[in-house]
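What follows is a structure written as structure tokens; I'll ask about it next.
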Amino acid sequence: MPYVNIQVTREGVTREQKAQVIAGVSDVLHRVLGKDPAITYVVIEEVEPDNWGVGGLPLPEFRRRQAAP
Amino acid sequence: MPYVNIQVTREGVTREQKAQVIAGVSDVLHRVLGKDPAITYVVIEEVEPDNWGVGGLPLPEFRRRQAAP
Amino acid sequence: MPYVNIQVTREGVTREQKAQVIAGVSDVLHRVLGKDPAITYVVIEEVEPDNWGVGGLPLPEFRRRQAAP
Amino acid sequence: MPYVNIQVTREGVTREQKAQVIAGVSDVLHRVLGKDPAITYVVIEEVEPDNWGVGGLPLPEFRRRQAAP
Amino acid sequence: MPYVNIQVTREGVTREQKAQVIAGVSDVLHRVLGKDPAITYVVIEEVEPDNWGVGGLPLPEFRRRQAAP
Amino acid sequence: MPYVNIQVTREGVTREQKAQVIAGVSDVLHRVLGKDPAITYVVIEEVEPDNWGVGGLPLPEFRRRQAAP
């Protein structure tokens, strides 16, 4: 009875991509651990870039600095 | 100091229902574990059906197939 | 397809109490939201008191100060 | 490779405040545990007050009662 | 910068299986969403069966009843 | 009423370091968001290195390759 929580930034993930992530992750747990996909829950959480920090900075600012020469 | 996180699909849960869930879950932890409701946090997260996977499918598609003859 | 995560301090919760928490919380979601218990997952996480902070202190130290005259 | 999840009520947290929380928390993990901020993720989740329970009540109702004489 | 949390019951998952789950899930996010595995964190949490509820019962009891004639 | 969950690898974090992380993070939320530490919960979860993936690999293997010439 696996439960999987996936957090990604909210940046235009399409319905089709979500379906592919759900199918792919369920398949991994099936192949590797023998978990029946029928009992695997996959929850995708989309996080605003301003709410995601890395390098001590909100992601938009982090990326700006990475891109700067 | 319990912390409870409840994830359900975003499908019209009313304010009154949320209040009942919060009251009910706090009461369970009080009765069974003796936890004072004053220190129990209950956080309800509503998840878009497209972001919830089961059976290797997004929930709307999963339900369509369940309903099919 | 609710998923519930309950975090409490690891302080001697018995197997029987866990069963009662699982039954009680599943029942609340059934009564209030109409969720079939068959599809409700309840995961209990027991956290070492040293790993739980409140009032800016680990729980054991927080309690010591609360108890002091 | 720390991962930090911060849940607060959605009550007008500004972009600047989020940046300060991300910077501050990353700094704590750097100073205390020696974790390079470059590998620390901080995710802020803003929760609707109606979805946050304490004292067995949704937060707005809890506050109304606290404020009552 | 995806973060993935996978909860499964603690029932003898091997080190090799964990490595395969990590590789597989990171690959799904790479193929579908273009996320560089270098920035994808995958955290596996193993939950004691007594702490996992489904059908209103702890998992061991749930399974016993499923298996009964 | 903030709730903070911190996941780090289980690699000898001391009781004193946990106390400093709890104090430091509670202080950040107090200074930046005006949250009273009395109502801030901080939960530290220590994750086995084999259960933490990055770069598509369990952390011990990831580090071995980083260290290799």
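Should a chain be cited, it is by its letter among A, B, C, D, E and F, assigned in written order, with residues numbered from 1 in that chain.
To be clear about the criterion, a contact is a pair of C-beta atoms (placed from the backbone, for glycine too) under 8 Å apart; a residue touches a chain by one contact, two chains touch by 3 or more.
Heads up on the chains, UniProt names are A, B, C, D, E, F = Tautomerase.
Everything quoted here is computed from the prediction, not taken from an experiment.
Enquirer: So which has more C-beta pairs touching, C-E or B-F?
Expert: Counting C-beta pairs in contact, C-E comes out ahead.
Enquirer: When the contact pairs of A-D are compared by residue number, which of B-C, A-B or D-F has over half in common?
Expert: Matching more than half of the contact pairs of A-D: A-B.
Enquirer: Once the Cα atoms of chain E and chain F are superposed, what angle does the rotation have, between 0 and 180 degrees and to the nearest 5?
Expert: Fitting chain E to chain F on C-alpha atoms yields 120 degrees.
Enquirer: In angstrom, rounded to a whole number, how far apart do the mean CA points of chain D and chain E lie?
Expert: That gives a centre separation of 26 Å.
Enquirer: On a C-alpha centroid basis, what's the spacing between chain B and chain D, in Å?
Expert: 21
Enquirer: Give me the residue numbers in chain D that touch at least two other chains, ranges are fine.
Expert: Touching at least two other chains: 1, 3, 7, 21, 25, 41, 43, 52, 54.
Enquirer: Taking touching chains as linked, do they make an open path (line), a single closed cycle (ring), a hub with spokes (star), an all-linked set (complete), or other?
Expert: The chain contacts form none of line, ring, star or complete graph.
Enquirer: How about chain B: which of its residues touch chain D in the complex?
Expert: 15, 18-19, 21-23, 25-27, 37-38, 40-46
Enquirer: For the complex, give me every residue of chain A touching chain D.
Expert: 7, 47, 50-58, 61
Enquirer: For the complex, give me every residue of chain F touching chain D.
Expert: It comes out as residues 1-9, 13, 17, 20-21, 24-25, 27-29, 31-33, 35, 52, 54, 59.
Enquirer: Chain E touches which residues of chain D in the complex?
Expert: 1, 3, 41, 43
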